[in-house]
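A, B and C are the chain letters, set down in written order, and residue numbers restart from 1 in every chain.
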Amino acid sequence: MTDLTRLSAADLAAELSSGTVSSVEATRAHLDRIAAVDGDVHAFLHVSDHALEVAAGIDRRRSAGDALGPLAGVPLAIKDVLVTTDMPSTSGSRILEGYMSPFDATVVSRARAAGLVPLGKTNMDEFAMGSSTEHSAYGPTHNPWDLERIPGGSGGGSASAVAAFEAPLALGSDTGGSIRQPAHVTGTVGVKPTYGGVSRYGAIALASSLDQVGPVSRTVLDAGLLHDVIGGHDANDSTSLADAWPSFADAAREGARGDVLRGLRVGVIRELPDSGFQPGVSTAFRAALAAMEARGAEIVEISAPHFEYGVAAYYLILPAEASSNLAKFDSVRFGMRVNVPGGTVEDVMAATRDAGFGDEVKRRIILGTYALSAGYYDAYYGSAQKVRTLIQRDFAAAFERVDVIATPSAPTTAFKLGEKIDDPLQMYLNDVTTIPANLAGVPGISIPAGLAEEDGLPVGIQFLAPAREDARLYRVGAAVESVLVDSWGGPLLDRAPVLGGAR
Amino acid sequence: MSEITPDLVRHLGVLSRIQLSDDEIERLTGQLDVIVDNIAKVSQVATPDVPATSHPIPLENVYRADEVGATLTLAQALQNAPDAADGRFRVTAILGEEQ
Amino acid sequence: MAKDAIMDFDKALELFEPVLGFEVHVELNTATKMFSAAPNSFGREPNTDLAPVDLGLPGSLPVVNGEAVRYSISLGLALGCSIAPSSRFARKNYFYPDLGKNYQISQYDEPIAFEGEVEVELEDGTVIRVPIERAHMEEDAGKLTHVGGATGRIQGAEYSLVDYNRAGVPLVEIVTKPIFGAEHRAPELGAAYVRTIRDIVLSLGISDARMERGNLRCDANVSLRPRGQEKLGTRTETKNVNSMRSVQRAVRYEIQRQAAILAAGGTITQETRHWHEDTGTTSPGRPKSDADDYRYFPEPDLLPVVPGADLIAELRAALPEPPAARRRRLKEEWGFTDLEFRDVANGGLIAEVEATVAAGASPAAARKWWTGELTRIANAQNREAVDLVSPADVAALQLLVDSGTLTDKLARQVLEGMVAGEGSPQEIVDARGLAVVSDDGPLIAAIDDALAAQPDVLQKIREGKVQAAGAVIGAVMKAMRGQADAARVRELVLERAAE
């Protein structure tokens, strides 16, 4: 029998709907895989103890002839930033250890309604602050390509779970690249939707004006299938868009089959020269562009003069909003409490937040408090918001000339665990290519572009489209994916080392 | 050089209710100094004629009808409380002033 | 605590000019909260009217109550304000256990309404124009109960309990500009201003405006400047002065206290102060400090409020008439003398009389109840008349009098029951068995007894001296313990005497 964990979500869904495989079998296969490899990978913070029951329920409904969605019965990993009623939600923080939410995130309830089977909650940098998942209070996640290396962040758990075949699909959140950069370093696919395209309700807020929930998968089609389930208007999120969205799965299928690359104008940003990237990253990126060109795409150099201010603006806006969003963790209504004998409630709050937050979180809260405090607002937060406008204008000008913009998804391949942990600024520069999309609200996708020649590790290529044009990314992403996978003779992940001693 | 000093960091710790140790203050002062030096450049291009963007996708007038919806049960409200009594959340003496 | 020195009020006014300012918080009476669909309620079991965002639960998000926005625009218009073509919410960041998120969603640099003016009429008919700086939307906080320690106050308490039911209740905060020229009437202006705001929100129907429930809360700013000085003095902000009488007393006290300090060469500390109802004094809260760095920034979870000219025009057209015009109209409609009307107005009872008349009572009767019996009871109980009973119940009571079910005297007994919370007038009549006896049978029996007991009176009546009947009527009423209609008794006495 085929290993069910190696199937794409689309293929698994086909087996499920044809009845050759049950959801219980599929779910058990993934739970077994988690049991076999997650000791090494540590993608999960919590594994559901009732996934098989949920799967059995789907199987029963299927045999009863219920109309089920296309992904019914397919297992799903959920980033721990998303609150769930049946599993703890910690956002990777000690301060929320054991927290049980009385409500499900909208994306989770939509996934449940669509018959997806939640497998567990995935690891992440604490409160999604980081690019390596080393800032999780519960220990780092390891990259399945090399267990000594980072899986990216903050959604390293979701990316590794998918890359290690522990789940066919996962949910992530992307504030500055937390879906796309982990996809890059793990050889997987990740999509940051247009801001407002997917509900933020139930996503533990990092930076409200930047956060966006999105799909994590091994193929573009799988991402589109999951995006179709979770996307669309939600009255619980005021910033949710009321647009009628096309099917992203259909867009991916169209891209894989047609020749959308012919005549496609692909922008390459002049201000992101190859010298800013690890050589193997640049080479893989250029090779992917060449493959697109060979299929009729036109590569156009564009200018985005304000992108260089993106990281700076991001590291003002994010900490500022985060310092406010994280104020609720005060030991009064939920979460950890450190008692201070003889102390006031103020002392208790301060001691709890000192003990409950990790260094990176404290660093950003202090930075954000500074950026918002009297006398600095205009110079910092106010200016950073103006940079957003300038970056939006750069995008608008570029998209007059090109259909999509392409960049490497991150400057380097997966670095070693611990390598940058003491150098926050270096760590922040990881997000240089992903951040502009969050600042401007436009959608982005990262798909595998190849392996870097010097270290044999995955490299991702990122495509960006105008706001609300997520479908374009699925078309282009699927087209490029099919060209590249053909040229490799199989999915990139087939070349990842075997985990768990080939058990 | 930015103006980040240990005293400022200590003050920011008070504002953000984080009990920072002297070691943490020293470390943070150095790190924030470097970070602030690097992010301060946003003001170079943020000229007065550029409007601020608060929301990446502009929307307005997003309202809810004034109709009662689902509420939490008392048990749900208190289920994660570190301490509670009489159906209420219990906190250590405040000793400050009411706002 | 050392007692503060105070200066004689008239002397203080000789030396200094008082400058006032008020911040009034109005709780709107929408069905749901400002940012959640939980009920906007009062007096329910703690922590039972909550949605996730009211507790600041992880992942929760606010969504604006559109009705609260409409109410706020109406209030802004009624205050003579301009309505901002675009306004937005901001986060006011500070830690306090009654705040579910440790920030309050409020408005900061872009309030929904700004630059207005309210005409405030004093007892003697003088009108003072109070300039309004802004009115902005925000959310209320939860309620703390301090346990342990001697006083039940926050000082010395062992621990505190938090009920978040009130968290997220919609508020409009109305902020005045500095008010000059009230002079010795500054204390009175304080009460009259709050009364005027109360009249406005009641006429709009957007708040229950019950001060004892905190629907309306006033912070009073007072500063003094020496006569002839241009520069404003340092102000104090006395928080949560929650009745009209108290506003008046607090302003007066602060003028006297500050005058004593300034006259002795001291300086005023800019600070918030607490009002003590029992002693009629204020005491310092915490001084203004850099801990008041609220780090305001635009609320990223919410979008701008852009009312549009159509909506503003619609709400403007639906505004009730301005209070001054309304007073003139009502005085005419009710046919009251200057004195009668001022009685009602100064008692803050216009809305009550109006509502009582609307519910079917005559203007004279409505005025009599509110300025008479209810004001007497309120004064005796140190409460506000408007908090004692509802206008609808007063009208119902008067209808029972008009229909002959109750005499005036019985009606006063029923009113006491109403104030004591025993139910509606009819329920009290039923429960206490207070109705006038309208069956003639028992009356005739009592009349015959009385006539038999006073044959001389019977004789006089038969001789045509009808006024002599008074003695018999009095005896009958006494025998009936007041539960008879005297007019009917009189009719029957004359009938029986003629037989």
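Rule of thumb we're sticking to: a residue touches a chain if its C-beta (ideal position, glycine included) is under 8 Å from a C-beta of that chain, and two chains touch if they have at least 3 such contacts.
What you see is a predicted model; the values in this text were computed from it and never measured.
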| item | value |
| --- | --- |
| A-C or A-B, whichever has more C-beta pairs in contact | A-B |
| Chain of greatest Cα-centre distance to subunit B | C |
| Inter-chain centre distance, subunit B versus subunit C - centres from mean C-alpha coordinates, in Å | 37 |
| Whole-Å gap between the CA centroids of subunit A and subunit C | 55 |
| Distance between the centres, which are taken as Cα means, of subunit B and subunit A, whole angstrom | 24 |
| Where subunit B touches two or more other chains at once, by residue number | 14-15, 17, 54-55, 59, 62, 64, 72, 77, 89, 91-96 |
| Shared interface positions of subunit A, touching two or more other chains | 99, 102, 209, 235, 238-239, 323, 327, 330, 332-334, 345-346, 349, 369, 373 |
| Multi-partner residues of subunit C (at least 2 other chains) | 52, 55, 63-64, 95, 97, 160, 162, 164, 290, 293, 295, 300, 302-303 |
| Complex contacts: residues of subunit A adjacent to subunit B | 99-100, 102, 194-196, 209-210, 235, 238-239, 241, 306, 309, 311-313, 315-316, 323, 327, 330-337, 339-340, 343-351, 353-354, 357, 362-363, 365-367, 369-370, 373, 379-380, 382-390, 392, 424-425, 428, 438-442, 467 |
| Complex interface listing, subunit B residues touching subunit C | 11, 14-15, 17, 54-55, 59-74, 77-78, 85-99 |
| Sites on subunit C touched by subunit B in the complex | 30-32, 36-39, 45-52, 55, 63-69, 86, 88, 94-98, 141, 144-146, 148, 154-155, 157-164, 239-240, 272, 274, 285-286, 290-291, 293, 295, 298, 300, 302-307 |
| Contact footprint of subunit C on subunit A as seen in their complex | 82-83, 89, 91, 96, 99, 101-103, 105, 200-205, 207-209, 235-239, 320-321, 323-324, 327-328, 330, 332-334, 345-346, 349, 369, 372-374, 377, 381 |
| Partner subunit A, residues of subunit C touching it in the complex | 52, 55-64, 91, 93, 95, 97, 100-103, 160, 162, 164, 290, 293, 295-297, 300-303 |
